[in-house]
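Each remark here refers to the structure printed beneath this line.
Chain naming follows the written order as A, B, C, D and E, and within any one chain the residues start at number 1.
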């Protein structure tokens, strides 16, 4: 495989930007949701849980449509963002990032929830007796102990956002240089007969991008490696 | 009074009532397994909320249901050596020991790190992770962590259960010094009669709990 | 009723959904087994044929994929014919006042303003390729290429206009006719793009005798009349 | 919303069948992979990890196309299955199930791996000293302790398979009664202008299906509820 | 010989060597914290693989590096009371107690369930989950679980550390009966001199480990 063409570079960099922004934005929201689902008890918890799973269940095109209806130029949410912080989504890379974030959210919430539920609460109470307030305890005990789930959420979310197609093309359109991420470029190429090589090159780029994220996360996991030590058997 | 306690706790179907006022020095809780000793320490530390009553230590009210006082655990400044240790598994021994230490101002500290490491014999373990410690080593780290947080009173739940005889003697002497020189109130649980008789100014019998109807 | 497992399988471009279903209904009304029709993008369907899918009839939205299959000897020789024609139109929401004579120099970019022109993806989807060809020939491409909203397929482009996400769009005449929420604001001259034709062919692997009969029905005058109802031209 | 039409019933039941078979087939495979990734050390582990994530990273259409190249009638794997057990995938509901299983796999592997890595190995060694062989220990200790991850894998996998569109239409095509699952029916409806109601009905069915799975899993989780008990604070 | 042991273990950077042959009865391991007592029990149970040497119990070779013998833990039939208990958290007390019991044929069992429940005083806990037990309750369940698995020898790592005096006396008597009436070999770790002197036929001193170069 020879070097990348300028067009391929453009697609790759855009994909990187969209995924990075999507995951950065989704991470705190997903963590908050995971926390609520893992730690709180409230009426309608199952409803929240179901809503979080929605983008996974619905065909991506439908999610894209719902985004269009919610964040379109004339839609209330769309107008709200445009008027308050001047942020518009339709046909913009920000829209691609929004679509990617929404699609990645359910995966991220589940992974983090799983780890949060496994944290030994007795350790948190030990930290409290040692003078750490709830927030400090969260930062020094809960968060690091839930790290495996957070890393898994990062990898899953990044992989999912790198592969996101249906919601993006429906909501943000397929505009080269603005919203044409790797999957959209691949889709365009796939429409033409005899484009297998082009498709393969772009798909390889996607894979490289995600393998990078994967290796990084494994490295982070090992570095922070909870020192389980003393494994018997 | 160093400990002024009159509370009722509920755990599962079991309800436990405690009522005593202890003078200065070390107060031992003595009673059969399952009587509710750990539960009481948890309540004094603020980890279990009593359903009724009042807890005061050295004249300061930590909990009073009638007055709606319930100090948060981190405000109570207790040094709690847990029966199940609860070392932080993701942090090395050094970080465990310094966890509370870092959170108090230097002039409040009353125990030097070097002294603690020496007396507890854990200086060579600083870089180890808790999962690699032997039972006695882990227990000594747990004691060190509680003492180094510069607490105003101590809650010790069988702190010497798996410590060997020589080390136990040294730690007992350290506890006596803390009791006498710093006059820190200490609530102490042990099944060892000799230990209790040697250390305690007062022995509070804890009666086995009865199932609530 | 007959067992549907024995009915022929027809692969048809997604944009033919209403018309092809109507043709199948008519066929069934004549006492035949209704064929089973899979609607998807032409590229996906053609790739399925290449992979050896057990289908009988292929109706493509463009000639390129049919050529591809023919070059691989996957078509029954002598059964290929281009039987439908379509037009390319400029659409706007029904309540829009825009009417444009489509010709070189028309103020398309001005009409769009800050809005975008919805089209099928010109990178590969046939309707988008035709649109690009037309706009290029009319000398308008460069003025609008930065204002495009390329959609997954022509029906998605249609929907962008009918929901008001884009003020104008380029779709097939049949699409514009199907959606009451849009109106035709202009028609692209037939000379500005390659002929828009829909080829049909029997697949070489077909073993179902009904398939050839259905194909003949499609290209018969009776069959073509059905498609004309939906706005297609026939040849 | 009135009762379902016969066509809707057909789509719903087919979706149910496809998802159920997909998840039933994917579950043991996913567990095996999660086990290898959590417990084994071997060269090329990162490669396996990356391959497992592939269907998440690649646009679904590409995954469908790769399935077409692998399980097509003329492809080696396709011929193998056809000749040995008479199982063909192209244009059959089995193909839709295969596509759904492949797409759900990465999510399932991650969730189960996360839980497997959190299992306290000391408990396994205790079971061994009590006379339980490796297999028994696995069944009585490891598996139940990893249950939260397995349930999460089930929910994620089911939701993903219920929503699967791109790979299915590319690989198994869109044949009513055979491979037209809910998302494909929604796609077909979306092609028709003015079909919002129809789309909404079908989408609601998808959601109901997944909420069912969700509630079931929460119930299972609570029933087996590890009795963490003695929560302090 | 009930225990015939000559092994070298490696743990982290520490290497430990043990060499002793113990006659019938109860053999106590006595030594400071971190000396390697638990490590030795782990090796005898088959949970830690020695880097060198041989382990035989009652004449049966469990491990012999030279002969490439290494019996799997489940074949060794030891009753191991772990220092850290290791109750199965997802199973109630009853299931914990019966875990090993169900895996031996009835004629091999030498302790009745009722007797065990009675002596250990855990009959009222059967339906509870381990996380809700007090320290001493959990320890008694761990002892019961090991004894009920009908082992051919016992490994007990500070089994009475948090058991109260009355119950301790009863359990000590039970251990003596097991030792004398069933003549089961027992390897016993305790820091309590009195306990060790009362129970042990032999006391094996375990020297503190030295860092390997």
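Just so we're on the same page, a residue touches a chain if its C-beta (ideal position, glycine included) is under 8 Å from a C-beta of that chain, and two chains touch if they have at least 3 such contacts.
Only a predicted model underlies this, so the values are computations on that prediction, with no experimental measurement involved.
Student: Which chain has its C-alpha centroid farthest away from the centroid of chain B?
Tutor: Following the centroid criterion, the farthest chain would be C.
Student: Based on the averaged CA atom positions, which chain is farthest from chain E?
Tutor: It is C.
Student: Between chain C and chain D, what's the gap in Å when you average each chain's C-alpha atoms?
Tutor: A distance of 35 Å separates the two centres.
Student: What whole-Å value do you get for the distance between chain D and chain E if each is reduced to the mean of its CA atoms?
Tutor: Chain centres of chain D and chain E, defined by C-alpha means, are spaced 44 Å apart.
Student: What is the distance in Å between the mean C-alpha positions of chain A and chain E?
Tutor: So the centroids are 50 Å from each other.
Student: Among the residues of chain B, which are close enough to touch at least two other chains?
Tutor: Those would be 11, 47, 73, 84, 132.
Student: In chain D, which residues are in touch with two or more of the other chains?
Tutor: 61, 65, 122, 125, 128, 190, 228, 230, 232-233
Student: Counting only residues that touch at least 2 other chains, which ones in chain C make the list?
Tutor: 156
Student: Give the list of chain C residues in touch with chain A in this complex.
Tutor: So the residues of chain C touching chain A come out as 41, 43, 46, 64-65, 67-68, 116, 121, 123-125, 148-152, 156, 160, 163-165.
Student: Name, in rising order, each residue of chain D that touches chain C in their complex.
Tutor: 61, 64-65, 68-69, 72-75, 78, 90-91, 169-171, 173-179, 188, 190-194
Student: Could you list, by residue number, the parts of chain D that touch chain E in their complex?
Tutor: 122-123, 125-133, 136, 140-141, 144-145, 147, 224, 226-230
Student: Spell out the residues on chain A that touch chain D in their complex, using ranges where they run on.
Tutor: 46, 49-50, 53-54, 56-62, 65, 106-107, 110-111, 113-115, 117-118, 121-122, 124-125, 128, 148-149, 152, 155-156, 159-160, 162-163, 165-166, 182-183, 186-187, 190, 199, 203, 206-207, 209-211, 214-215, 218, 228, 231-233
Student: Mind listing the chain E positions that touch chain D in their complex?
Tutor: Residues 45-47, 72-74, 76-80, 82, 84, 86, 88-90, 92, 99-100, 103-104, 129, 131-132, 145-146, 149 of chain E touch chain D in their complex.
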